[in-house]
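Structures for review follow.
Paired with chain B in one complex and with chain C in the other, chain A is shared by the two complexes that follow.
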Partner chain A sequence: MLHTLSLLVRNHPGVLSHVAGLFTRRGYNIESISVGVTENPELSRMTIAVGGDERVVQQIIKQCQKLVDVLSIKDLKYDESITRELAVFVVKTPTNQSRAEIIQIAGVFNARVADMSETSIMIEVTGNQRQIDSITRLLAQYGIEEMARTGIVALTFPSKRKPEDSSERE
Partner chain B sequence: MLHTLSLLVRNHPGVLSHVAGLFTRRGYNIESISVGVTENPELSRMTIAVGGDERVVQQIIKQCQKLVDVLSIKDLKYDESITRELAVFVVKTPTNQSRAEIIQIAGVFNARVADMSETSIMIEVTGNQRQIDSITRLLAQYGIEEMARTGIVALTFPSKRKPEDSSERE
Partner chain C sequence: MKLTGAQILIESLKAEGVEAIFGIPGGAIMPVYDVLFDSGIAHILTRHEQGAIHAAEGYARTTGKVGVCMATSGPGATNLVTGLVDALMDSTPIVAITGQVPTHLIGTDGFQEADIYGISIPATKYNYLVRDVNKLAQIVAEAFYIARTGRPGPVLIDLPKDIQLAVTEYVKPKPVSLPCYDQYFQEINETQVDKAIQAIEEAERPVIYVGGGVIISGAHQELYEFAKRTHIPVTTTLMGLGSFPGTDELSLGMLGMHGTKYANYAMGEADLIIALGARFDDRVTGKVSEFARNAKIVHVDIDAAEINKIVYAHIPIRGDVKKVLQVFLKKLDKAKLKTYDKWHKQIQEWKTQYPLTYENSEDEVIPQYVVEQIYEATKGEAIITVGVGQHQMWAAQYYRFQAPRSWVSSSGLGTMGFGFPAAIGAQVAYPHRTVFTIDGDGSFQMTIQELATAVQYHLPIKIAILNNGYLGMVRQWQQLFFKGRYSHTFLGSPDFVKIAEGYGAVGMLITKKAEVRPAIEKALETDNTVVMDFRIPQEDNVFPMIPAGGTLKQMIG
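Moving on, here comes the complex of A and B:
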């Protein structure tokens, strides 16, 4: 089962390698990770997608909680949270027809064409993991020259938040 | 000066903590990092934003190149690459007027309202770092309950790519 862990951490050098190390030492591969600052420049939010044995994930959560730079960690529930990801692709367009087809695919996914050359096209798209996986497979047919995915960010929906959620930053 | 490093890495446990460790050991704080799989499930792309002394960044790049799991590392030029970031915010809406104002701000940034409750609103937005910084400051006036930023992803624009760029996956 895929877990989405949301951590609020102090923006210190070393916190990322500490947290990543907890997973590595168990031979766990982090599927995706994103780290960005919050409105408080001293705090960052880290979102980690990780699959695997339930018990081991719970152990890792407990160990993360012991790290002094980890202020909170939540195991987000799938149906109570938004999970979004951003991806940018450069795809080959050997023919004008392939370019037209790719622009059409982009339209279906509400993706944006960010640049084009004679031989390739750059597409930017936002969605959940399933949507990004789908457009990746569709574009791969044409030949992906380069791609980058941010890794997911996830937050509990306001309509699903419990009163204690809002106290995490205090 | 802010550097945007784009790494293509083998999707092995440990590669993230190795790379992060190179920065930590020099007391460098990674400003943002995003790691996501590519169309080849064995490879991930890592995008790291890091500021600081030019010489030290060049040293870190050299050391990254020596890691066996790092297949390529590029220091992307600002004017030749797209840099995009995704952010999700939960903002307080104590009054109907504040909700209306926030929806208006969201419109200016082409942001999407992803959910609402009686007391808060969830906003999802994509942009470059400056745009995300701007909307963060604007929303902070209302009180941000929670936020998550992916960290940037960056790729060279197709129209600025050099022939050798496309050979990096071979």
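Moving on, here comes the complex of A and C:
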């Protein structure tokens, strides 16, 4: 089962290597990872999607907590957090009809047309992983020329935040 | 006060109380060595950087202080890597300092450039590449703090040459505070201790299983009192030897692959296992699903990631084992303690029926006999360092350690060649104690060049080579599990006496049983490095033995 781990880490060169290196060393497979600075420039947030049973994920969490640069790590629950990913596709549009259908599909997913040429169309979409997987499957029927996914970012809903989470606001 | 980076480094090392550094200079670390020259800090010039870091480990393991080693960039730095991983596996506090090419050359494949920062990420507890001389003093303070606190480990500081030469105002470091790191030093959960004491009250067949954590935290006295008051027998891991007197009636000796039969039987039959600073290594558990199946497990460890890693802990207790045992001792006053008479009777039967023993010979030099004679001649008070292999196991089985920090073995990583340089570190730390390396001929030859170091610094280390002319442990496995096909394990034997003499040490060849004790006595009286070449039977095996991943039922010997 896929887990979404949210880490607050010190923002300095090498911290990504330390976290990624831990996954290599312990034999855990990263499905996706995204890193960005937070409102506090000294901290970055890493969102890591990782597969494994409960015991494996607990071990990953404890091993990550040991890293000197990791301030906090949380296993985000699906119903307590927002999870978003950006995907960009270039899809073939050999006919006007296919172009129209693709724009229609994009509309259903709140996706945006970023560019168009005579023979292809570029779509950008944000959503949770399930939504991105769905639009990927639908667009694949027309022939995806290229695609890129960012990997997920996630945060706990403020209404679901527990008191012990407050420390990570510092 | 304006200082160069090199001067700041040395000032910072002095501020940490560093008395000895083990290392080898080279191009990218020369500014530091120039300051070191008249700094008052002792420096031991080893002949290979691996020797330097193992010596630092020996120093750290016998003193409890942080061991410091130094090397130049590129090959100097990469030669440290085995020692870094070794220290990580055995939780040994080390600060390794490496020179690096100047910052403007980093990433250009400069001469003697290696990305030791990247290489050492999985090999260290933490590591630094210093890019700003103004941060150097604080980084050194942090490095020592991280190396020695919590679960100790190695920290590497990579220091580019231009940073060593850069001049800045020297500001003393602030007290180290690392919020990300410090937050995990939490209070001991006393409710968990209460639960553990209740489990002790309810148990019929308890065992205390002790690892290296007890030695690291200095908890041997608390352990002794705890065992004596609760009447619970004690078995130790390879790392835990010396934490509990090996001659005590409650001692079961070592457990695991080459442990005593009675220790392993006791673990198999136990209904309560109290694990103190131990990590359920595969050499201890064998097949995990069959390990201690009937036991409730209390697991005390400072490292939360060790709990439930291999074996499920019914009662986990997070904390420094010394402090946790102090809480136990305080609470024992009100506990309804038992004497477990039936259990002790059973253990005594096992001890009588399956004693740790070997077949001695009239005239041959039997390895276990050599270890026993070293034990008697040194009254069990020597510091013993070992390499890795059969000799290591014989030493662990037959030298009955009385005190902590007197046994230095590469236990987690199993680094052949560890023993002799580790003895150099131990002898530097304790010039007046007897330091014995019990080594194999294979292990010794992996770091034999350090004889030059020992002789140069007048270190009277006694090296007892249990020489069977084989990579003995591999040969034993070939004999038992590969139909006796001795694929590339035969070494033959060089003339160790001549080698010793070539280096300026004393060499002795011992081929008869009657010569064993006199040779040891003579070595102990010699104020020089002594190499004793004990010619033991080529095909002696270490028993008892539980094959890797095996169970008690598969025990051999």
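Definition applied: the second predicted complex is superposed on the first by the 168 of 170 C-alpha atoms of A that agree within 3 Å, B and C clash if a C-alpha of one lies under 4 Å from a C-alpha of the other, contacts with A are read in each partner's own complex, and residues count from 1 in each chain.
Operating definition for what follows: contacts are C-beta pairs under 8 Å (C-beta built on N, C-alpha and C of every residue); 3 or more make two chains touch, one makes a residue touch a chain.
From a predicted model like this one, the values you see are computed outputs, not experimental measurements.
When the shared chain is aligned, chain B comes close enough to touch A:153, but chain C does not.
When the two structures are aligned on the shared chain, A:21 is found in touch with chain B and with chain C.
Counting residues of chain A touched by each partner, chain B versus chain C, the larger count belongs to B.
Contacts of A:10 after superposition: chain C is touched, whereas chain B is not reached. In the superposition on chain A, A:55 contacts chain C only, with no contact to chain B. Residue contacts after overlaying the shared chain place A:97 against neither chain B nor chain C.
When the two complexes are overlaid on their common chain A, residue A:65 makes contact with chain C while staying clear of chain B.
In the superposition on chain A, the residues of chain A contacting both chain B and chain C are 13-14, 17, 21, 24. Interface residues of chain C, counted against chain A in their complex, comprise 117-118, 121-122, 125-127, 129, 146, 178-181, 183-184, 303-305, 307-309. Residue ranges on chain A touching chain C, taken from their complex, read 9-10, 13-14, 17-18, 21-22, 24-25, 55, 58-59, 62-63, 65-71, 167. Within the complex formed with chain A, the chain B residues making contact are 6, 11-14, 16-17, 20-21, 23-24, 27-39, 45, 47, 82, 84-88, 90, 114-117, 119-122, 124, 126, 136, 139-140, 144-159, 161, 165-166, 168-169.
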